[in-house]
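Please go over the structures that come below.
Each of the two complexes below includes chain A, the first together with chain B, the second together with chain C.
Let's turn to the complex of A and B:
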C-alpha cells in the first residue's frame, strides 16, 4: 500500500512551508525515520521523516517550492517490494498550477484535501522546468545528473540553459550556489580537496534566513543611528530592592537590567508610537499593540522571540516571559507563534562588556535598540567630576518610517524612564 | 559608399565561416581579403602540410611494406617536386571551394587591405583601387604570421618560414628547425622521413610544451629514434649565412656549441596581424601583439570584434571557426549562441607519430585543484594497431575522480587525430566516465584504446 507523504505541521500555528529540497530521490530506498525532505519556515528548518521503510516512489512537489500548505501530499512512499503500479493514481510530474499559489492556505484547511482540489492550490516551483520532456523525462547531462544527485538538488526544479533547455553542469552549480549545500558529507570532499586548511560549514536553514534577511535589511533599509547615555544609579538601586523582595516572592523573580530596558521601552513606544511601526510600499503600518522582540543568541544563530503586549505586563511577568522564551530559543523549541510578528526589537550585548554597538533593523520593523554594558564612568554632577553607572543605548531606525527627530524623541523618553524609574509608575 | 551589416576582414577559416554564418542569418555581408581566400590554413598551413605529410607517410610505409608481403622490386624514391605540386593542387582546389561557398551564400568578396576609419567606416586599398565601405559590425579575422627570431630574418633561400618549407625545390642535405611546437615537429618529422638530417631546437624544457608531459617525453624519444637530433632548453643565436648554409651558435644553458645546416626553418610561434588595420582610429586594445577580446570576441570598440589567431591562442583553425560562429550568433542575438569552451578545443599535430589532445593536461588539472583519475592504455594492447603495424604510443585520459568529469585526453600514436573528436563530443555532452564505459566501441578499431584508458582510470581495464 502506497503511503502518502504529507507536509507535516511541525509547529503550532504553522500554515505553510518552503519545501527546500528532497534528500532522497525517486527510486531510492529509505528506512523508517530517515529524512526524506527538508522544510523551512520563516525561522526554522524542519525535516520530513519517513513514516515507514520503503522506497520513495514519487515526488509530487519538487524541491525549492515556496508556500506549500500544511497537509499537501508532497510525495508517495512505496513499501518494500511494492510494484510501481501502486503509483498509478499519482501524476508522474508535479501538478502545475495555473496561477501562483496564494500566500497561505486558509486557516484550518483540512489536512486531507481531495486530490482534485489540490491542483488549484498547488505550489509553483520557482523556476520554469524547461528541461522536462513530454513524458516527464528530464533532459540533463550525465555530469549535471551526478552533481545534482550528490548535492541533493532536484533536477525537476531547475531551468536548463543547455540546448533545448537541457540541464547542464552550470545550472546545477548555480542552483548549488543559491541553495543550501547538502548536509550530507559527499559534497564536502571536492571542496576539501582544494582547500585543506579551510573547514567548510554547510549553511543551515537558519543561517540562510539570517543571511538573506539581514542582507536585505542592510541593503534596502535606509538606516540611521542615534546614541544616548543613561545614568542608571537610581534604577540599579531600585532593582536591588526589588530583587531582594523577589527572592521571597511567589513565584520568585530576579530582574535584569535588560528587563527594565524592555519594560521602559514598551512604555516609551506607547508614548512615541511612530517608532512602533513598519514600512510597506503602500503605507506605514503603525502597530496598536506593543509587541517587543528580544534578540537571543543560540548555537544556530540569532532568533528574536516576541513578548506580546509588553506595555501591559508587570515587570516580574515580563522578566519571566523573556527568560522562558530565551530558554526555549536556546533549546530550539520555539513555536512559530513565539517569533512571528513584533513591532520593535531589543538586542543586548552588555553582558559581553560591549559598551555600544549599532544593530541591523529587523525587517519589517522600523527600529531596533542596541543595549550596551552598565559600567562606572566619570560623570559631571554640579560641575564636579563624579562616578556614575552609565549605559549607552543606540537606536537603529528605518528613515522611511522614523525621522531623526522622532527617533530622538523616543530615546529621550526612554532615557527619562530609565534614569528616573518613578516615571515607570505613571 | 557601400553599406553592410557585417563586414569580415580576412577570409581564413575564421573569417569565411563567420561570413557564411552571417549571410545564413540574413545579414548583408561582405568579406575583405588581401591575399587568398581560405587564408593561411587552406593555402599555406594545415591543408598543404597534411598533404605533404601524407606523402611522407606513404613513403615510410612503402619502405616497410615488405613485412606485409608487399614487395617492391627496385628502388622506392621520393619526388619532392611531385609531392609539392600535389599539395599545391589540393590547396588550390580548397581555395576555389571557399570562393564557391561564399558565392553560394551571397557573401560579397572585396579584395584589398582593410583599414578601420572609426564609426563603422572601412577603407579598402588594393585590387580595384581604393574604396570606402561602412558596416554595423566589423569582424577582424586577420590571422597571424610567424614570429621572427632576432637575427633569423627569413630570406626565402637559407632561412625559411613555413611557407618556403612547404614548397622546396629540392631536399636539403641538412635542416635545422627552431621551435618544437606543432609546426616545428611536423616539419622535422616530414623532412626526417625523407632522409634529411634534421636538428630540432626548442627553448622550453621540452618539445610540444603545450602537450601533456608524458606525451612530450614519448614524442621526444620517437623523434630521436627517427634520427632527429633533438635539443631542448636551448637558444639559437648569431646566425651567419655561409656558402653552404647557415652557421649559428647554440646556447644550451650556458654551454655553447656551433651548429651548421643547409637550411633553417623558423617556427618559434606566431604573432597576430594587427598592423595596418587602422586600429589606432578605434578603442581596440592590442596586447602582446594580439587583439584583446572578451569571450564573445568583442573588442574595446563597440561594433568591432576579433576572432581566431589575431585574438590570441590557441592558434587553431577550428578555434577560429567556432569563435566566428559564436560571435555572429551573438550579434544576431540568438538565444542559443554558445561561446567557445577553451577546455574543449582539441588540437592535432601530424608528425609521426601523431599527437592529439583536448582539455587539461594532468598537471594543469591538478593545479586547478581537481582530484584526478588518470587512465592510460598502450596501443600495444590494441589489435587494430598491431594489424596496422603501428602499435607504439598510448591514450591517456584525465578525469575528475569525484564527479567523473572528462577533464582532458592526450593521445600519441596511429591516427589519434581521428580519435580526439570522440573526446571533444564527450566533453561537450558533459559525459562522465560511466557513459564512456557503457559505450560500445567497435572491434577491431583504434577507438577501443580510448575505451580502455577510461576503464583503466577507474581500475577496470580489461586488456591491460
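Let's turn to the complex of A and C:
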C-alpha cells in the first residue's frame, strides 16, 4: 500500500508550513525514521520523517513551496517491492516549483498550486482545523470569515464579540481599521511599479507570524510602560568572580548580565505572581510555574524560546539552557515544545548599545521586560556625584492584567535583586 | 302520548329497467356506437393489463373491465359541451366521453377504426404509461386523465376529490345559461366521504346541473358495500338532499342511457342535480390482472354470475336478434379493436430487445419536472403597476376593511366574470367583518352565501376557475378552515395545473383573515402563510396597507393561478391613507417593498407585523431595514430586494406573529441562509409566536403571539450577536 506523506501538525495552532526542500528524491530508498523533507513553520525548521521504510514514490508538492496547509499530501511513499502502479491515483508531474508570480498578482506571492488552492477555498475553514481539536476551533460568522479572507486578516488572534465568542463582522472591521492596511496597499503598488529598484522578499512563515501576533498585540493589548534604572556594580563584581570559577568548572560556564536578569526576574515573578499571568475573556490566568521566554534574534526573525521553571534552576544551569536555546534558535532547529508557552518574556538589546526601549507584549502574556545596555553613568552616591554601572529596564504590561502599582512592585523587587545580589540567595 | 305523523321526502327515487320493447325500439345507430365503444374500451383495458403485467405501466392499472356499460350508456347521452370527471378507475369514462367527442356521428361496427379514434387510443395509452405524447404530457397517468376539448375535466386519485370540482363546472354552465351539464362519476367507496355529501347538498341548494353518477361495483378495494353503510342502496343518498335519483342495472347500457336521458331532461331545464346509481361489476381486482376471488373477498361463483351479464354480450345479443349485426360481425369488431390496441402499443414500444420496453424518446424530459407548477404571469404583462409613492389619485384616511370591499366592488363592476362566495358574505353588511359590504345588493347572483362546508365550496370555486368562464373569489371566514378543506385546497386546486400537464389555469382568489388577538382561540387563530407556502401552485399575498391591498387584489384577480390573499383583523379597523378614486392600479406579485431603510439588520416581515417592526426599530434606535415582503409564496419572494438588503446589513430578523409549528419563517430562513451564507454575520434570527395555538384567555392569547415586546427582544438579540448590544 502506498503511504501518503502528509504535512504534519506539530503544534497546536499550526496551520501551514513552508516545504523548504526534499532531502530525498523520487525513486530514492528511505529507511523508517529517515528525513524525507524539511519544513519551516512560523517558528522553526522541522523534519518530515519516513513512517516506514520504502521508496519515495512521488513528490506532490515541490520544495520551496510556501503556505502548504497542514494535512496536505506532499508525497507518496511506496513500500519495498511495490509496483509503480500503486501511484496511479497521484499526478505524475509535481506542480511547478515556485516561480515569480505573474505580473499584476496582487501580493507578489509565488503562484504555486497550494496557494491557489487556498485562495479558492479561502472563506471555508480548512480541514486541518479539525485536527487541532475542539480547542483550536475558531468560531466566526460566515461573513466575518469572508471579510477576513478578503482583507488578509487572520481570524485566530481576533477576540469575538458575538455569542460564544463568535468573531463577527465588527471584530474584523476593528482589526482592519487598526491595521496599517490602508498604508500597505499603496506601498505595495509602489513596490510593483518600481520592481527593478526594489527587491521583493516574500514573507516567510515566521515573518507572517511575527507581523500578525505583534500587530494584534499592539492593537488589542492596552500597553503601559514602566522604566527603572538598576545600579549593577555589585552584580558585575559577583559575575566576575563567578566567571573566574566557571572557567575551571565542569561543565564550564560563563554568565552574562542577561543570565542574571533572567535569574532575578524569575525570583521577582515568584514574589509578584500577578505579573506571571495572561488575559482571556473569561478570566485572568495566573501561571503556577515561572516559565520565562528569552527573545532571540535570528536571521529569519525574532523567536522566543522558553526556559521552564526558571525560578527552580541554578544560575549556571539557567545560563546553559539559555545559551543552548539561543543556539538552536539561530540554527532554526527549535522544536515546538521549545517555544510554546511561557508566562513572561525578556528582551535584551543591550549588546547593541541600546540604552532603553519599550517592547511589545508577547500575547497572551501580560508583560515583557526590555533590557538595555550596562553603561557607566554618573550617579549620586551619598550626595556625591560618582560613576556607577547602570542598566535601564522597561516593563511593558497589559493593563487588563497588570495594574500600574503591580508592575511597579515587580520592578522594585527586581531592582533590589539586581542591585543587591545577596538577595538572590534568599 | 306524543302524536307522530309519517313524513315523506320530496325527491323522486326510482329503479329503471329496460324491457324487450325498449331494446327493439332503441335507435340502431345508438346500439352500434355503444357496441363499438364497449369493444374499444374492453380491448384498451386488456392491453393496459397486459402491459402492466410486463412492467410497462408504472403505478396502478385500475381496470374497468366488466363495468364499461355504465360509462358508455351515460356518455352517449351527453353532448360534446357537457363535461365529466371521475376518480381513480376512469379509463372507461374518459374513453366513452372522448370517443363520443371524436365520433359525434356515431361508430359503425363494420368499419375500420378511424385515424382519430386510433390517435385517441394511442394518446390515452401513452398518458397511462407516463409518456410525453399523452393528454397530460405523461404527468397525469392512469388516474389523472384530462382532455378539456372532449369535456373531460380531469380524473382524480382522491376518492370523491373531483366531485366538488365538477360542481364548479356545473355552476359555470348554469351561470352561462347554456343548458350544459356536468357528470361526476365515482364509486360506492366514495359515497360516504365528505366531499361527495357536501357537494350533493351544495349542488342541490344552488340547483346546479350536476349528475352524481355512482358506479356501484360493490367493493371498495376488498370492502363490501354492506359492511360500511347501513343503507347499501346508494341512490338513497339523493333523498337526504332533495335530489331526484335512479337506480339502474349498469350491466345494461341501454338502461343507463335511458336513465341518463331522464336525468338530463331535469338538469337542462334548471331542475338541479340528479343522481344515478348503476350496479356494475369489475371482473378483476381493484388493480391488476387477477380476479377479486383470488384475494378471498368474493367468490368465483359470484364472479361467474356477473360475467354472464357482460355488457358487451348484452348489446351484441340484442343487435344480433334485431339482425343489426351477426356473430361474425361481432368477432370482426373484437378483432379490429384488439389490433387497434396492438398498433397503439407498437407505436410506444421498442420491441427490438429481449423484452419489450418503452421507447426511450417518448419519455418526458426530467427537466419538465417543475414546469407548470404555476403560470408565467404573462397575463399581467400589461398591468399598470403603481406604488403608493407614485400614486396620482387621492389618498384619504379610511379603514382598511373599507378598501377591501371597495376594490372588490370596483372589480365586479368592471369584470362580469367575478363571483364572490363564502359563509355569510351576502349578509351582515358584508360578512362578519364588512369585507364584502354592499356586494350582494349591487351584484345579485354574484355574491353567494355558502353552506358551512368549506371543502365543497372551495372545490366548487376551483371547478369554476378551471372552467375559465368565471373568476371565483372564495372567502374562508378563518384560515384554520383550510384544514377542513385541505383536499380541495392542497390536492386539487394547488396541483391541478401541474398534474394535468400545464395547459389548464386555476384563476381562483382565496381570501381569509388572520384573527389573532380577537379571542377566538385554538382553532380560529392561525396564520396560514407557512402552510400555504409549502404547497406548490399557490401564490400568497399579505398586504400591510389598504393601498397595497388594492393593487395586490387587482393583480390577484388577473392572475391565472390560485392566489391566497391574507388579511388581518388588527388591520381591518385601523385607518390608513387609502386610495379613493383610482382603484384600478396593480402591485406586482413577487415584489417586496423596503418600508424603512436601514443598515443594522434586515427585518423581513408582512401583514400586521410591518408597522410594529418599524415602531420597535424607532423606539430602540436600531437602524433596521424593514422589508414588507407582500408576496410570500416561493416564487413570489423578491430575492433581488431581499438580497440587496442582506448584502448591506449582513443580519436578518424574520418577524411573524403566529405559532412556531406552522411558521412561515422556516421556509424563509432556510432560503436566506442557503442563498446568503457568506453575507451573514449571524444565523437568521426569528421572532414568532409560541408553540401552542393561541388560547381564548386574553393573557394566554397575548403570550402565544409575537407582539411589540417580542420584536424588541428580537432586535436586541440581533444587535447583541453583532457585538453591538443595545444596553
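In this text, the second predicted complex is superposed on the first by the 236 of 426 C-alpha atoms of A that agree within 3 Å, B and C clash if a C-alpha of one lies under 4 Å from a C-alpha of the other, contacts with A are read in each partner's own complex, and residues count from 1 in each chain.
Keep in mind that, in the parts below, a residue touches a chain if its C-beta (ideal position, glycine included) is under 8 Å from a C-beta of that chain, and two chains touch if they have at least 3 such contacts.
This one's a predicted model, so the numbers in the text were calculated from it and none came from an experiment.
Novice: Check the residue A:163 against both partner chains and state whether it touches chain B (first), chain C (second), both, or neither.
Specialist: In the superposition, A:163 contacts both chain B and chain C.
Novice: Name the contact category of A:386: first (chain B only), second (chain C only), both, or neither.
Specialist: neither
Novice: Could you tell me if A:171 is touching chain B, chain C, both of them or neither one (first, second, both, neither)?
Specialist: In the superposed model, A:171 contacts chain C only, not chain B.
Novice: Have a look at where A:142 lands relative to chain B and chain C in the superposition and call it first, second, both or neither.
Specialist: After superposing on A, A:142 lies in contact with both chain B and chain C.
Novice: Identify the residues of chain A that lie in both the chain B contact region and the chain C contact region.
Specialist: Correct list for chain A: 141-144, 146, 163, 168-169.
Novice: Can you list the chain A residues touching chain B in their complex?
Specialist: 141-144, 146-147, 150, 163, 168-169, 189-190, 193-194
Novice: What residues on chain B touch chain A, complex-wise?
Specialist: Chain B reaches chain A through residues 336, 369-371, 402-405, 429-432, 434-435.
Novice: Would you pull the chain C residues touching chain A in the complex into a rising list?
Specialist: 650, 677-682, 720-724
Novice: Give the list of chain A residues in touch with chain C in this complex.
Specialist: Residues 123, 141-146, 160-163, 166, 168-171 of chain A touch chain C in their complex.
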